[in-house]
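Step one of this worksheet: look at the structure below.
Chain naming follows the written order as A, B, C and D, and within any one chain the residues start at number 1.
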């Protein structure tokens, strides 16, 4: 499991007085990029060599609203990785109260901009890094 | 079924060259407000009398990416309405090709800002409008 | 002068209960793309042949806040065009009350992605369209 | 002078491959809130007691585009403070190269949600904090 920390910005609120529900998808993206960085896989460099990793599907449960100026912790783990597909699970917690705010799951593939590619076959060194991480963190 | 039309804006793209996946949640919100307006239930007025309708959960399947300047049609219907909870189903289609771009489902409740309220009990006139619509559109 | 119409979306509000001030820059961008489309110069096609038109500078005066669900009209004109540089002037008015909400001015150049280019020299047919428009609208 | 540090997020890019120009306004807002926090004036608390500080006007010069994953430093100072009006000056620099990316200036007032208020008269303790800071930093 990895944990990404994030402050809720004013410009992310809406007139309900809470973080607009679309912004959590952006926080999850930040968390994934942080995750890959931590594995030594810069998403910036991946894009530079032509790898793109779009979101295939996403699910969110909004448990409690996050407010401006609050700090959240996003606990994330890879719950499935096949070399072609990768599924992340996330829990967004309030840093102060530890309350669960949002639960989410997102599914991703890798493409060369046009077609889905197999990380396992075409980028075995990247594949190994992710695969090793997933195996070593199974019991987290 | 109702259909909301939307153009994809430049500022909604990301460096993948497509609409950023978080923006579809904003389009669905616009579609819901359009839907309520069409039933004569202005969301603006609902908020003015103290009713808030947050998103409880959401699911999205990203089938194809939408590009800047494309027009999409969002077909939406209420697939469940209990007077307390309302579930919408959406299909975002390309207006030109009719291709399905995104499928989504979102679940909502009504609150007074603090607690969940029953539309059926506390706003029977609003409840009737939605309930009548849902019943009349069952075979859409 | 051209006029672009726009509805203020819920997801564009912040917890002050008004449209977040950053979003007007997005509306102005939409207005410019609408402007170019109306002249027969699709910005989408311009980018496809390698022309990019970044914002060089921008000024905004926030006169009154726009609220969710309000319709605004953005009156815009080109106040300077040299073939290399283009300056737009905008007034955002409330469609209902005609009140001025925001005044703005933005300055743009054209680039090939790296270097500034002269529309006049390198795209004379595009240059002529804009130049003719500017000359014909001087007395608007 | 105070300096706010910020990473450029993927979701802030557009299809030009750079940070969308509207997002710098959001970064400046984050910087102002950081600035007030550092003075012991939480903007969150200010809003809770009914003080709102809207943007009155803004100017930006886009010198160079910021890219995804880059770190920037936002140097900011108050160049005018009257107790009613406050003007900030900002320079956004690339953390790595020290290049100036954006220069900006923003003007603000304080309101009770309806009318402009004088910080000097109505919140003398807040006024003193800002005034002392401005006086002590004149030679920065």
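Heads up, the rule we're going with is that a contact is a pair of C-beta atoms (placed from the backbone, for glycine too) under 8 Å apart; a residue touches a chain by one contact, two chains touch by 3 or more.
These numbers were taken from a predicted model, which means no experiment stands behind them.
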- line: More Cb-Cb contact pairs, comparing A-B against B-D, go to A-B
Field: Interface residue overlap between copies chain C and chain D, same or different (over half shared)
entry: same
- line: Distance between the CA centroids of chain B and chain D (whole Å) is 35
- request: State, to the nearest whole Å, the distance from the C-alpha centre of chain A to the C-alpha centre of chain B.
  value: 25
- line: chain D touches at least 2 other chains through residues 10-11, 15-16, 22, 26, 29, 68
- line: Per the touch rule, the chain A residues reaching chain B in their complex are 15-16, 21-23, 25-26, 29, 47, 52, 54-62, 65
Query: For chain D, which residues count as touching chain B in their complex?
result: 10-11, 13-18, 20, 22, 68
Message: Which stretch or stretches of chain A touch chain D in the complex?
response: 9-11, 26, 29-30, 33, 42-44, 68-69
